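You will see subunit A twice below: alongside subunit B first, and alongside subunit C after that.
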Partner chain A sequence: MRKYIFIFKTTFLESLQYTLNIILGFVSFFVVLFVFLNLWQYIYADSTNLISGYSMEQMIWYVIITEIIFFGTRNRTLTGQMTSDIKSGTIAYNMNKPYNYIYYIVSRHLGEITLRFFLYLGIGILIGYHFVGGLAGFQAVNLILIVPVFLLGTLINSFLRMCISILSFWMEDAGPYHWIYDKIIIVVGTLFPVEMFPDWAQPLIKFSPIYVVTYGPAKLVIDFSMEMLWRVLLAQGIYLGITIIIITVMYQKGVKKLNVNGG
Partner chain B sequence: MLTAAKQQGKVLLLSVKYNIMRQMTNRAAFITNITFMILNNATFIIQWMILFHLKEDIGGYHMNDVMVLWGLAASTYGLSHIFFQTAYNLPDLIINGKLDSYLVQPKNVLLGVISSGTNTSAIGDLLYGYLIICIFRFSIVNLLLFTLFSITGALILTAFAILTGSLSFWIVKGDMISGNLHSVLLHFSTYPDGIFKGIIRLLLYTLIPVGLIIYLPVKMILRFDPFTLLLLLGFTVLIIFLAFFVFYKGLRRYSSSNLMSARI
Partner chain C sequence: MKAIQVKNLSKTFKVKVKEKGFRGSMSSIIKPRYKSILAVDNISFEVEQGEILAFIGPNGAGKSTTIKMLTGILYPNNGEVSVMNINPCAKRKQLAYKIGTVFGQKEQLWTHLTPYDNFKFFGAIYDLADTVIEERINELKKTFELEEFINTPVRNLSLGQRIRCEIVASLIHKPEVLFLDEPTIGLDPVVKENIRELIKKMNREYQTTVFLTSHDVGDIEKLCKRIIIVNHGRIVLDDSMEHLKYHYLNKKIVEVKMKETVDFTAEEGITVLKSKGGNLKLAIDTTKKKINDALRLIDADNMIDINISNVPLENIITEIYRENKVLL
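Now for the complex of A and B:
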């Protein structure tokens, strides 16, 4: 475990040097939020309306939080870097090292996104306050219970993305599968809470990664309840267990297929 | 003059043909890229179905109108990235001094640069656009207008990429500015202009020309207006000339990095 903490620490310190680049990347995040805020303000023509039990203020904060999760944890290491390691054979160099490649990548990824996540969180909160003001009923003390949910959600999201990247052992390009996963998260997972979907689709969403990666953490921030917290934690525990098993099996099978032509 | 233009057109088509043939060497990846891009775009239909379930009219658009908007955005993007993919990598070529191999070619430098790459998945975008117009608003006239506006949109989009990409001749962080402006343009292009107000709406018809690439053409597909068409064609010609002018003005400042490379 100590070696992974060390990898996390060195990558995090490295990322501090690229703060300006992260800040310049805010433009996309700001534009996406701006478009969604305009969209919801248009839909809630009367701001006192409730849609599927959500006020406009709650809805806008929901979108801000899910977008922070999406943009703040997006990273090339899990997608492009891992795929390229497998395709080019560079993974062979990592396999001989005294660490597990999967956990090495996760530690690096977490080190790279920590600063970015907090910067996005800061700017997201500022945008939220500017557009709709504070979130009614929000209690800062609940954050102690919500932080682990965010952490678990980030871990599950990382493992799911890695499962897709590991497909590169079998196929030429795993990129298109990442597009679909990204779109499912951004289209279905960030713009609407589960309650806004048609009744028949809601159980499907509750069993999908969206529930544990974006909906659960965001819902707990805008409308906290102990019952919801336990439900999300349980779902995250199950998801985490299953994704770790899948990725371990896929990795073990994948490396057996690896051919490296010297060099 | 006409013969030179014809020859240049031929070179452009051949360049794209060979780009695609190169990509097709791995057929499975080629087909997966195109199919998944169509699926990728189709996921947004779910988003709009839910939004229209909540409100019948969004920014003056109904479901079919938004689909036309989406279709046109996809085909415009697709066409531009099939023919002129490298226009979007211009900052990298300028900053790292990789333009040398293009400068020694006997044909137009800018056209040679921008047509030297093709994005395979953009073929999926183009196909998706045509699928959408055929499903949601099919008629021969609409199909012709859709084709015309896909071409004008692709040309404006490419010219915009050249203009912003050429900033790298003067500014060190030009690549970041160019990337951000391009992403702003794409984000706005798939939402109805009616939801934006005030200065933002003005910006969308001027500094960030989404209005001329998408909004006005969609309005013309829904209700044709010859005056707006002339305005659009005039703007397309103007921005193309401006892109050529700015690129060549910037090219005078270009310095090679003595990078040895070959275009295969």
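Now for the complex of A and C:
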């Protein structure tokens, strides 16, 4: 474990060199937030109205939190980098080190996103407070229970991304699958809560990764209940178990057919 | 004790074949075709502990594929491999603690960090205690003369300094076997010499077994006592450097400057490599003609200057590559 903490720490230190790049990445974050702030303020002409059980404040905070999760944890290491490492055979140079490549990548990813996530979190909270004020009924003490849900969501998202990247052992390009996953998460998982979708689609979404990666954590912040917490944690536990099994099996099979270019 | 044992090792790659044009692209989607490439073909050899071995061959000969099988990165199709009595495929992680690797064309250091931070990082991933890491860094810092730039970010180092740091990073856990894949590629002659000296020093002081691949004949000549040449995936020569240099081709090069032109073309055992006016470059095959017999053919009164040398190692190796191509 010590070595993975060290990998996390080293990557985090390295990410400090890119603070300016992270700040430049805020542009798309601001654009999406700006559009949806105006959209929801227009739709909630009367701010006391409820839409699908959400007040205007809850709806805007939902979008802010899911956007923080989406933009704050987005990282090339799990997508383009891992895919090109497998295709080019560069992965080989990590395999002769005494660590598990999968845990190494996860540690690196977490080290790279930590600073970005907290910067987006800070900016997102400031925007939320500035435009709609605090969340009614929010209790800071619940954060102790919500933080692990956020961490598990981030971890599951990372594992799902890795499942897609590992496909590169068999496919020419895993990029389109990442693109599809990206779009599903941003369109279905961040801009509207599950309750906004038609009745027939809601069970599908609740069984999808959206429930454990974005919807669950965000819903717990805006409307905390112990029942919801257990439901999300149970779903996250199942997703975590399944993704770990899939990654392990795929990786072990994939490595055996590794083709290292240039020898 | 044997550091490396390889027996009947083979590796085949499956490569997709695509016919040209749009039709070819479509048919490769519907019915992909593959061809097999035999990268390593039934090779066997052993390396003693503390030995420096040159494992060379032309591009595509199977050198790097062999190294990757020895380090557990690639899985062989056939044969047995044992490095420090460990099967690399079955126990890659366990083997990682006993070996170090330097790939001259691939940097393993983190470029935004200083060499010191990199060494701390590598020490940590090899589960070394902080005090041990510090001791080891101090020891290697002196051996590899890193004092000047140990706290400069790697991205600001020269190529020679970076390679020195790459080697140190791979030695931090005291590996028993070090795999060097073209460690001096792209370096200037002075830095190359410096790196070779350091490798020799490391081998002397720590008894590290070195498995070296390089296209640079200087690396091989100055570091190795034994050489294995591979071509088309097969071992075509496994011999000592001494034997290779003095007995393999049995040739001497005689460069002679005469007052007048002399014709040696009819002489058995003498090949005229160059002839321009009185300047001659001759290759003497000592199995057919003794060197003193060849010298007797040169009129001393007519001679201005003479130089006798062995065939450069580079030529010997090129000859072996060519011969092998012809044989196959």
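Structure notes:
The criterion applied here is as follows: the second predicted complex is superposed on the first by the 260 of 263 C-alpha atoms of A that agree within 3 Å, B and C clash if a C-alpha of one lies under 4 Å from a C-alpha of the other, contacts with A are read in each partner's own complex, and residues count from 1 in each chain.
Everything that follows uses one rule, which is that a residue touches a chain if its C-beta (ideal position, glycine included) is under 8 Å from a C-beta of that chain, and two chains touch if they have at least 3 such contacts.
Because the structure is predicted, anything quoted here is derived from the model rather than measured.
After superposition onto subunit A, partners subunit B and subunit C are found to sit side by side with no clash. Of the two partner chains, subunit B is the only one that A:187 touches; subunit C does not reach it.
After overlaying the two complexes on the shared chain, residue contacts for A:28 are found with subunit B alone; subunit C is out of touch. With both structures placed on the common chain, the touch criterion links A:242 to neither subunit B nor subunit C.
Set side by side, subunit B and subunit C differ in how many residues of subunit A they touch, and the one touching more is B.
When the two structures are aligned on the shared chain, A:93 is found in touch with subunit C, with no touch to subunit B. Once the two complexes are overlaid on the shared chain, A:14 sits against subunit C while remaining clear of subunit B.
Within the superposed three-chain model, A:50 lies out of touch with both subunit B and subunit C [touch as defined at top].
Our angle of interest has its tip at the CA centre of subunit A and reaches the CA centres of subunit B and subunit C; in the overlay it is 80°, to the nearest 10. Of the two partner chains, subunit B is the only one touched by A:173; subunit C is not.
In the overlay built on the shared chain, the residue A:2 is in contact with subunit C alone; subunit B does not reach it. Taking the two complexes aligned on chain A, the least Cα distance separating subunit B from subunit C is 5 Å. Shared interface residues of subunit A (contacting subunit B in one complex, subunit C in the other): none. Chain contact summary for the complex, subunit A toward subunit B: residues 21, 24-25, 27-28, 31-32, 34-35, 38-39, 41-43, 51, 171-173, 175-177, 179-180, 183-184, 187-188, 191-192, 196-198.
Within the complex formed with subunit C, the residues of subunit A that make contact are 2-3, 6-7, 10, 13-14, 17, 90, 92-93, 95-100, 255-256, 258-260, 262-263.
By the touch criterion given at the top, residues 13-15, 39, 62-65, 67-68, 71-75, 92-93, 95-97, 99, 101, 103, 106, 108, 110, 112-113, 117, 121, 124-127 of subunit C touch subunit A in their complex. The touching residues of subunit B, when paired with subunit A in their complex, are 26, 28-29, 32-33, 35-37, 39-40, 43-44, 46-47, 50-51, 53-55, 58-59, 121, 173, 176, 180, 183-184, 187-188, 191, 194-197, 200.
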